[in-house]
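Structures incoming, each one as structure tokens.
In the two assemblies presented below, chain A is common to both, partnered first by chain B and then by chain C.
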Partner chain A sequence: MEFALQIVVNGLMSSLVYILMALGFTLIFGIMRVVNFAHGEMYMIAAFLVYALVGSLGWNYYLVVVLSALALGVFGAILERALFRPFVGRELQGMIMALAVSITLQAVAFILFGPNDLSVPRPITGVFDVGPMVIPRDRVAVGASALVVLLAFYVFMRYTKTGLAMRAVVQDEDIASIYGVRPKIIHPLAFGIGAMLAGFAGALMAPIYTIHPYMGAQPMLKAFIVVILGGLGSVPGAVLGGIILGLLESLFATLVNTTVATMVCFGIVVLILLFKPTGLLAR
Partner chain B sequence: MKFVWKYVVILALLAVAPFFVLPPFLTHIGVMIGIYTTLALSMNLMLRIGQISFAHGAFMGLGAYGSALMMMRLDLPFTVAFLAAALGVALLALLVGSLFLRIRGVYFVLLTFAFGEIIVLTFIEWVSLFGGSGGLPGVPPPSLFGYAIGSREGFYLLSLGLAAFAFALVRTIYGTELGAVITSLDEDEALTRSLGIDSRRYRLLTFCVSAFLAGMGGALYGHYLTLVTPEDYGFWVPVNLVMMNVIGGIAQPIGAVLGALLLVPLPELLRDAKQYQMLLYGIVLILFLLFMPDGMHGLFSKLKGHLARRELSR
Partner chain C sequence: MAQTEVLKIGVVSALTGPGSEWGLAQDGAIKIAAREVNAKGGLKVGDKTYRIEVISYDDQYKAAMAVSGATRLIEQDKVKFIFGPMGSAALLAVKPLYEKNKTIAVIGAYTEKALDKDTKYSYRGFPTQTEFAGPIVKWLRSHYPNLKTVAEFEPNDETGWASQRLLKGDYQAAGFEIVSSELVERNVKDFQPVLTRVLALKPDIIELGTTPPGTSGLIVRQAREMGFKGQFVKLGGPGVPQIVAAAGKDFAAGLISYAAADTTTKAYKELEAKYAEVLKPPMNEFTVYFYDMARMLLEAIQRAGTVDDTDKVRAEFEKLSPYSGIQGQVRWGGMDHYGSNHQIITPVFVGIVKNGEQTIAGQIE
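Let's look at the complex of A and B:
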């Protein structure tokens, strides 16, 4: 019983970070129909910003988390304007462009910081002992911060006019533009917000994992699985998918090993794409 | 027939080149270009029907592991193992293709990506058969008609032969009615179907031929390196192949060849500076996507057209 509880707690803590990654990924696809293979690089850049500003310059960690997420938001909007705009509606070309951006950003990070694993000191250490369970304090802090960002995102999408416009574009861009929604503003905004969410995830996880140019690949892969589970372009789907992936992974990683856990996830992805490509939450 | 002679002459010149002019290092690059030309052509077939397959890395890996294992474990001769491995990959494509090819666009890419990852993870997890992350060392050299081919020049000829076969095959396919149907599938499938053509069969056939070429390319790659490791057959293989096609030009098979010629030597020449090579790849790809969507071949055709028009206006 305690064992099962520990699996669930571990799973849910990973889930929150996966959801953070997946929300941006799915938002960008929903609005621009671009499969953003460079999403992991947003995570990676934020982690390197934390390394440079906290690790080398000694700035306050919490300030840097917010700053790097904002920086990534601006960067995302610039990327949209400069590179992705010609490919709106051309899904395959847009995807290849995202791959090209991913390769380029990885190479730039490699040239600037080298191939070695870097780390920043953890701002929070120690564990909570809750009954028989052991929960690292820093993971709880990451989970709680992720939850705050997710709630803020939810409020933005649900209760602001811009959020409404975005949801309208996801459903039907042409109809939305009849009602005065301007895609030229919504697209960079969506890309920026997506990149910002990935930036949050990267900055939050930077002290927990090692930092290197290819660190974006894993979270990108998770976001991809989450988004397929929940349905490409669906925001509630990303939340559900994130919870499912976190729990599944935690279960299989504890019982067998992580390779098998990943295989099971990909197996489910294949089945969903074949039989319900719009995801679990499709109407 | 005229164009056939052109190719025969080019092929003959390429075939004798390593024995007279090429230093060993260039011969090595030649082997790699031949293998990648085959693989890029196999991806060109998929681009033709508008369905980019990210399972091609895994197909290549299955060819490599298949051919190596059949020689090592079953003591089969090279020709049998090589062909059986490639046919096995084509068979797998036939089985999964009938399910997969219904899915279109980016969903197909993501589907084949997940499928390919499962296969690569199987290579890692099934240690007793595939040797785990360390892979299979000591893959035996190929032999043809009783002669073992261990030398670089031998591999060069094999690889050149394979690339020539792949080029001729793809060109022939595009030149026939079959090619016309395949091309129409990406452009207007509904129209094609309205003519009573069973489009799914053509898609399936293309997928199988493409997988067959990927399997052969992979098998030769494995024998050449004498080591088959899972990491050589992951996500970046199909990405590279798409890149070669985009940079070379996806409209013609010669574009795939140009792409391989251009992109394969880079990592070999810049071996000590992999990061600059990736940077160059990324930036070149971005520039082509933005400004030259028809690739090198499109650029050449445009120049040709321009010159021809100038001739006329004189």
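Let's look at the complex of A and C:
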């Protein structure tokens, strides 16, 4: 029982960050039909912003989290305008462009910061002892922040006019255009919001893990698994996929080892691709 | 009138990603030695003078990348002398190339399989766990008699497997009980699930083995946060500054590690300053070994009077024993264990982290 509770808590903590990453990834795909392999680099850039502004210049961490996410939002919109716009709906070309952007951004980070693992001081330390469970306070803070961002994203998508327009574009861009939705505004907005969500994740996780130019690859892979599970382009699917992935990883890494955990996660991806290729919740 | 030509020396090692601290030690060491020689007008070999050029390829600790880098060095760059790789899987993949092409290689890699009686052109430039782990575990037994059980973490690849086998034997031989042997993928950063299971076994020691320093720091931090009050030991590659950076000063305090060098000496500080001129600091302690090896190799080339006949060069390389290294005498050894004297034997230091810095708690000859 002790183990079971700890497994669930560990799993849910990871899930929230996976969802944050996957939501941005799936939003960009849903609206632009671009598989953004540079999504992990948005995470990496935000982490390096935290390193530079908090670790080196001593700025307030919480302020920097918000600033980093906003900066990534703007950066994402610029990327869309400058590099991805010609590839809307052209999945293969868009994917290659995303790979090129990803490798270039990694190389830039490598040149600027070098290959070594870097660390930033943690703003929150210590643990909560909840019965038999041990929950690090910084992970709780990350989980709570992720939850707030996810709720804000949900409210934005569900109850604002712009959110409605974005959902309309996901369903059918041509019909949405007839009703006055302007894809030229929705596309950079979606790319910006997607990058912003990854930026939030990267900035929140920067003090928890180490920071290096290739750190985006792992969360990107997780985001990919999550959207395959939930359905590429589906926002509720990303939430469900994130929870499934987090819990499965935690369960198998605790009871067996991390190698088996990774194997099981990819095994489930294979099964989903074989038997429900659209994912659990995609229509 | 002496001509100035170019002598190319290759590096194929982990220059980026986890473990690059150790790969960059190989890269930095030969670059420092080359810079010193070039500053003096070059390396005089026979009636020619050579300017040394270092060509480096990144293997990212991966066998396939190492093969591609080593092939390029040997076939396209026509290099006869190589430093690296550092990873065991990478080394095992490229070693046949070295032997086939008679390329003298100063290798890293902890695997026992790196050297054997048929090894002719590969020389291991640093002591491995085979040389230092047993003595340090015995030191641990006598200085910390209350510690009895060990949980070990290693990366899930050839480096980690070899290290796990060896350390298990050393700990058991010294009377410790191994309660858990974990193999973790190199890209894992969240150890909470694994630690949940491991800490339930109540180990006295968490041995970090060859886990890269940054990742070791994360394990230290996460284990301490989850209530681990025992001893951390790291008998794999060094990297205390990175461990302290990732774990924090308080959590890293008391960590006992194999220390490649006494970092407080004048010679070490001077080497650090030279490293900063060729690569971005911090310098990893392994640089000390490979700097000695670089100087030895260049001297051997000079004595052999040839940059092409690697058989003559390796004969001279082996004659340079004992050699006055920057932190004491080093010599070739390993015949009893590996069947060839291609293993460098050096003094070993036991380090303990105090106030975020590594201090030397003991020296084992």
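List of remarks:
Basically, the second predicted complex is superposed on the first by the 281 of 283 C-alpha atoms of A that agree within 3 Å, B and C clash if a C-alpha of one lies under 4 Å from a C-alpha of the other, contacts with A are read in each partner's own complex, and residues count from 1 in each chain.
Throughout what follows, a residue touches a chain if its C-beta (ideal position, glycine included) is under 8 Å from a C-beta of that chain, and two chains touch if they have at least 3 such contacts.
Since the structure is predicted, the reported quantities are computational estimates derived from the model, not experimental observations.
After superposition on chain A, the partners chain B and chain C collide with one another. Applying the stated contact rule after C-alpha superposition, one finds that A:96 touches chain B and leaves chain C untouched. In the superposition on chain A, A:122 contacts chain C only, with no contact to chain B.
Residue contacts after overlaying the shared chain place A:262 against chain B and chain C alike. Look at A:15: by the touch rule set out above, it reaches neither chain B nor chain C.
By the document's definition of touching, of the two partners only chain B reaches A:273; chain C does not. In the superposition on chain A, A:110 makes contact with both chain B and chain C.
By the document's definition of touching, neither partner reaches A:26: not chain B, not chain C. In the superposition on chain A, no contact is made by A:234 with either chain B or chain C. Among 96-104, 132-140, 240-248 or 294-302, the region of chain B with C-alpha atoms clashing against chain C is 132-140.
In the superposition on chain A, the residues of chain A touched by chain B in one structure and by chain C in the other are 110, 115, 259, 262. Of all the residues in chain A, the ones that touch chain C in their complex are 3, 6-7, 10, 13-14, 110, 114-119, 121-122, 125-127, 134, 136, 139, 209-210, 212-214, 217-218, 249-250, 253-255, 257-259, 261-262. Within the complex, the chain C residues that touch chain A are 15-18, 20-21, 24, 156, 182-185, 187-190, 192-194, 196-197, 200, 212-215, 217-218, 222, 225-227, 242, 245-246, 248, 280, 282.
Residues 50, 52, 99-100, 103, 105-107, 109-111, 113-115, 117-118, 121-122, 124-125, 239, 242-243, 246, 274-276, 278-279, 281-283, 285-286, 289-290, 293 of chain B are the ones that touch chain A when the two sit in their complex. Residues 33, 35, 83, 86-87, 91-93, 95-97, 99-108, 110-111, 115, 224, 228, 232, 259-260, 262-263, 266-267, 269-270, 273-274, 277 of chain A touch chain B in their complex.
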